[in-house]
Amino acid sequence: MSMLEVKSLRREFGGLVAVHDLSFNVEDGEIVGLIGPNGAGKTTTFAMLSGFLPPTEGEILFKGKRINGLKPHQVCHLGLTRTFQIAQPFPELTVLENVIIGAYTRHPDAKVAQEKAMAVLRRVHLAHKAEALGRELTLLELKRLEIGKALATEPSLLLLDEVAAGLKDSEVDDILSFIRQLNQDGITFLIVEHLMKVIMNLSQRVIVLDFGQMIALGTPEEISHNPAVVSAYLGKEG
Amino acid sequence: MVFSLALLGQALVTGLLIGGIFSLVSVGLSMIWGVMRIINFAHGEFLMVAMYIAFFLVAKGGWDPYLTILVTAPALFLIGMLIFQLTIRPILKDPPINLILLTVGISLILQSLALMFFKADVRSANTIYTHMNIMLGSVVIRGPQLISFVGAGVAALALYWLLHKTDIGGAIRATAQNSAAATLVGVNVRNTYLLAFGIGSASLGVAASLIIPFYYASPTVGQFFGLIAYVVVVLGGLGNFLGSLIAGLIIGLTESVGAAVLPGSLARLATFGLFIVMLLFRPQGILGGKQR
Amino acid sequence: MNELIHKIPLLLMVVVLVALGLPSFAGEYVIHIGVLILFYAYMAVAWNILGGYAGQHSLGHALFMGIGAYTSTYFFTVLGITPWIGMWVGCLLAGLVGWFIGFMCFRYGLKGPYFCLVTIALAEAAVYLVTNLDFLGGSQGMEVTWTGNAPRMMQFNGKTAYYYIILVMLAAAVMLSARIIKRRFGYQMVAVRENEDAAEALGVDTLKVKIQATVISAMLTALGGTFFAQYFTYINPRAVLGEDPSIQILLFAIIGGTGTVWGPVVGALVLVPMAEYFRSTLGESHTGGHILLYGVLMVLVILFMPNGILGLYNKVRGQILHAGLREKKGGAV
């Protein structure tokens, strides 16, 4: 049984079809990339997977269980957590408190939640910033916090939405190795990215979307030589 | 429940005429909301201020009530802009609740000042128009109400002309649609907000002058009209000009017909009920306006 | 400044001691002011749970106050049942109404200004509804008939007993408030306030949290309504329902500082004596002076210290105490 099974997913907005007959699987322990030009439907797909948007048609099975139509917090409880492209910290809470929110999802007890949150902070190298406010962090720290919050919910599958956007080269490497480490610790990833470096270095498989449809599926090597993929990117603003 | 066709006819006519005023009072609120996403909770109190100005000009100065528009409209325009500049502009980027609370504070200030200076008495101006009536069968059309309806219509047309045929109006509409894009084409968004707020307030000046012949000025008159304005704006769609006009008439009718048909103040309840239902199930109004 | 900041906890202890012993050395009028302070502090703390912690600013909270006041008064004057029982009936009723309102509003995604509008509409609609109900006294309101000193019926000679009742109520409300904020529910409320989508994505059932906050807040507010009825012995629709008392309640929370445990208390502590002073000196000649005070302070607070008095105090204290340790981020808002 695959961790995530997406079957004929479709999403319409009025007359516009944003995602059209999308099907793919994500296996336990994989890092799968999801790429495509702007407007290809990546964000819409993420929204549907995480429960923020109901699909117009199609099914999503997570660990064998139907999750389409569930609310985001329910999906999170089942083990699928997403991050946001534009980092969404709780601005007036401290970094620690930010993460505790996630920890509370698994651990209702205040003391335990705090301990787990501190552990997560250490893992994302933000322990020294535990008392800083959410709105006082640098971009890299915000990204780490975003991942930290998600980690605190102890997910099996983590959806990362353009986690590398806006980061400097060295910071990107930082995030890359971090995700790799988390993957080795047992977390499955589905990553939306624009930065080819991230996709090529990280993903074992890549799904390519264009105009809401999957136009290619394969290893990074394979899809980088796929003519349909190349033209999709060259034909519009990448 | 005394029910008769004549009574219903009277209620319909009165409701329509009053509805015209409701429309005028609300159209400014709708525009301000549409442009800068602020619900001015002091909207009713602005009307109150204008009504006091009109009242004193008529009662102490012997002015013709409709001529007071020459004073109330500019006065409210300036007062609106002053309040905007001093209190609202500095916090435009704050969370919306701050703007709401600020305007609540302003409404408290205005109400209390009126209470302190003019006491709780109601002030009605007895003018030559006050007892002018036209008979249409058995239906009485009160002169001042008819004039206010016509005046509101003229004012609405003028506002429409302003919004659609002038540069300022274009800037206001552009900013309402997309303030970022408006900036790009050279619109000074902050100043546009200022002007829109001023114009919305000025429309209240006009409304006040139109209704002073048959409505009392009192410290609490703003609360009533303020509430009506919220209902009308939500019903018509936030930011939807035509919607506010139509919704104003509808609410005027429901208030008037409701009062004739239902006992006590249950008509008001019906209005609120409609309001709540709209907010829950169709917040964009019957004609569709701007969402959040 | 440094010295002053460190002296504040000491000052607070003095205030608490004075509060505890006030009736033994103060005259009836001062005790009355004390009751007012405690009462409005209580109501503000109750409001703060929904408005401050959960960030859903109800501008019509007097609805719940009215439910509490009318229920207990009806039970007492018409059914002869003691307010000590009636208050819990009112509390439960308010909880039910709060649940229903919360469910309808938040299920349909009402937020921000729209939620404010609905709460005002509900409170005002309640005024008109009750005005039309003769068994609740209509526009004349209801009087809590005085049967002499009757503790079993929550009626006492003098003001001292009332003072201690509301003191206990406030203490309980503050303790509840403090406990909530440290536990999961409190954190989840704050998360919903700060960023609802992010909270959902992290597993917070935002609908449930908002409804629960509404219910708790409503129930507490209703209990306050009963106290109001018993202390002032007269209620009418405009006094315990509608926009005006609703705004009064939240004023103290906003000015004192929402989202904190003690903010609403501070707000009442500072404002009520000022308002009473205005009311008594300007009194007959200039009624409404205290409302002017409220309005001016509200505007000033929003413009210059939106986190309220306590918010400002915390900020200054934080800056002084952690001046060296805190990493100053340039341009922090």
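We just call them A, B and C in the order they show up, numbering each chain from 1.
Convention: a residue touches a chain if its C-beta (ideal position, glycine included) is under 8 Å from a C-beta of that chain, and two chains touch if they have at least 3 such contacts.
Please read all numbers here as calculations on a predicted model, not as lab measurements.
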Between chain A and chain B, the fewest steps along chains that touch one another: 2
Chain whose Cα centroid lies at the greatest distance from that of chain A: B
Interface with more contacting C-beta pairs, comparing A-C to B-C: B-C
Chain centre separation in whole Å, for chain B relative to chain A (CA means): 49
Whole-Å gap between the CA centroids of chain A and chain C: 42
Where chain B and chain C are represented by their mean Cα positions, the distance between them in whole Å: 32
Contacting residues of chain C [partner chain A, same complex]: 182-184, 187-188, 190-191, 194-195, 197-206, 259, 327, 329, 332-333
Chain B partner contacts - residues on chain C that touch it in the complex: 55, 57, 59, 104-105, 108, 110-114, 116-118, 120-122, 124-125, 128-129, 131-132, 243, 247, 254, 282, 286-292, 294-299, 302-303, 306
Residue ranges of chain A touching chain C (in the complex, touch as defined): 50-52, 71-74, 76-77, 81-84, 88-93, 97, 100-102, 104-105, 108, 110, 113, 132, 134-136, 149-150, 152-153
Chain C-facing residues of chain B, complex: 39, 87, 90-91, 94, 96-98, 100-102, 104-116, 119-120, 219, 223, 227, 230-231, 234, 263-266, 268-269, 272-273, 275-276, 279-281, 283, 292
